[in-house]
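I am attaching a structure below and will ask some questions about it afterwards.
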């Protein structure tokens, strides 16, 4: 269903870091380069220091080195206030539109009673039906909050199709690798990606090195 | 008193969902079509998913298919911050003005000591007097908060007459159908609407299906 | 010290309603007419209903019917957020400048240890010295918050002189008539006003009629 | 490493007042004059009164009377909201750029486990390496919040080099003179300043005169 489309996969920090961990894994597996940073006056007002280097909080749009018609958006944080969330989502979608993107797929966690590992939703009926045909069960009802919700929900205002894929999570872990792995499998199949997903586990070591407090602040 | 006027009835979510339930009932009874959506950067930053379809939170202006000189405004939520409330109210009133509307009637709940089922208020003395003549007792003193208050209060700045009709409510129920029914009766008589109001009860089933938390979030 | 000046006295709601009660008394004693309303997207998002009439929260600039070179600013509330306070204060000062005002005198309460009934401060040394000569003891150190502080503090950015007169108050009463009376006496002497200040007491009856909650909300 | 550079040292209120106390000491030792005030609609909405004189909260850019290629930025407070912090930091950096500044060095406290008295970070690898050569150990990882973090982190967006020097502090004292002294020593050596740093202690008396509450509010 995405063969002739130009897709952007978005995984901003959220519950269990499910979307962000998945997006960051794709960034490594597909060897991406940053093509555009996004700043927001509503990001946490701080610099992150790593190995002596200070860097402002930001989101970044990345392009796989050897793959056309795909972009990946990841980021350090979610804006702290609602107006900032809408503003940043609008800026990102405007840029995606200008890059030629046609479909926005956001990744997030689903916390709730379900027997499914993955649930999906789309912003139009045809797209929702297509998800079903691809064996992605649809979320019956609920709400998807934050940038991962807004980027999908605002997409139609920019003439883009919006999708959200949710990895079922207990919501108890600050980093839910299992949910992220499930999400990664689903994305791989859905987009016919030629990537090795067996390396998902090792990735988890990096966030585990961080102090609990920082993980909480930056990975939520 | 409204015979030669172009009226917009507004019922946004509020205490007991009184205004929203009444407005939504009118939308069905008068078979309305959406003519304009309103978005706000201060709406809860989330998409609502229903039957697999994701939709951004919004308010919407609707027109009865077989009735001129009337519009109805309903919505999913109230903006989360004060500046966003004023902005959205201003955008809505500007649009109403351009549609030719002359009178804005907002619907809300009244929580307080009173023997009346319905109370009213208007933004000018003549309109308040006219309400009295139509057997709508006037609210002596108090405050009406949120969009239902602002849309009436800001109306004169757009050369519109502002009214607010309040259904007395204990404020204890998340959805107060009795108060909404009273409000519906009053609106029917005031505007000489030819609608069947006996179907009010069944409408309540839909919100009851929702989980308590969601009702609280979206219907308040 | 104010003989050849064009003064605006400002009393917005604050601790003990001291400034507002004093300003409102002056409005009646000097028989003022409203010349300009001020709205703010940060005022409490509600309409106030009185005798069936709904009115949006606002501040208003008033002119004594038989007195030139004086204006009085009163208002229903303070903006709810900081940015809104600065914006409204800027809008008001810009309007005062255009009216020809040269001096802004704000009225507020002082809660703290002092033997004085009245304390004063000004935004330049000459003005502070002049206050002393007029028997107004100077506040040694402290902070004056909200619109009554900002209107004085921002005045120099509009080439206006800023003053703040503070009536000592315990801060315990929602309406401190004694502090307001002291402030009224001081203002009468300072500006050589020909008004009867013995009627201060009866004015207090009106706020007493209001419910405690409303007084708290609107008079603070 | 700073010989041919035009430096601005920034010390806004923060933990232990470490950065502000150091900057204010430099302002006196280098006999500076104010060249530009900065106001913000997000500064605490109040005037500070001292010796009868009322002054709006502000930050100020100062120039040493007998030293070129150096500016110092100090201030009364940090903006109260995130958007205001980004806005003010942007306004300041724009002004520094126009003054010809090439390097921004912010001063702040470091609260955490370390054996070092001073830690540093920079916004590019060469600058971080240069800090090391000057015997300033690098911060391995962490986050620097508020204006002192943002001014360094945003610097590259204005083609400026950003540095942050951190004085290790327990974080327990509202004014940590020891941490400020260590920071002062480091700055003196780094910039080859010809100043007497033995007078650091007496400076502390001034904040001690203030009431605990005010220190908390304005010096944090």
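In this document, chain identifiers A, B, C and D correspond to the written order of the chains, with residue numbering beginning at 1 in each.
Note that in this section a contact is a pair of C-beta atoms (placed from the backbone, for glycine too) under 8 Å apart; a residue touches a chain by one contact, two chains touch by 3 or more.
Just so it is clear, the structure is predicted and the values come from calculations on it, not from any experiment.
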Same or different residue numbers at the subunit C/subunit D copy interface, by half rule: different
Interchain centroid distance [CA atoms averaged], subunit A/subunit D, Å: 37
Rounded Å distance, subunit B centre to subunit D centre (Cα mean): 52
Set of subunit D residues in contact with two or more other chains: none
Pairwise touch network: line, ring, star, complete, or other: ring
Every chain pair in contact, whichever chains are involved: A-B, A-D, B-C, C-D
Complex contact set, residues of subunit D against subunit A: 82-83, 85-87, 120-125, 128, 131-132, 138-147, 149-150, 152-154, 157, 162, 164
Of all residues in subunit B, those that touch subunit A in their complex: 39, 41-57, 80-81, 84, 210, 214, 217-218
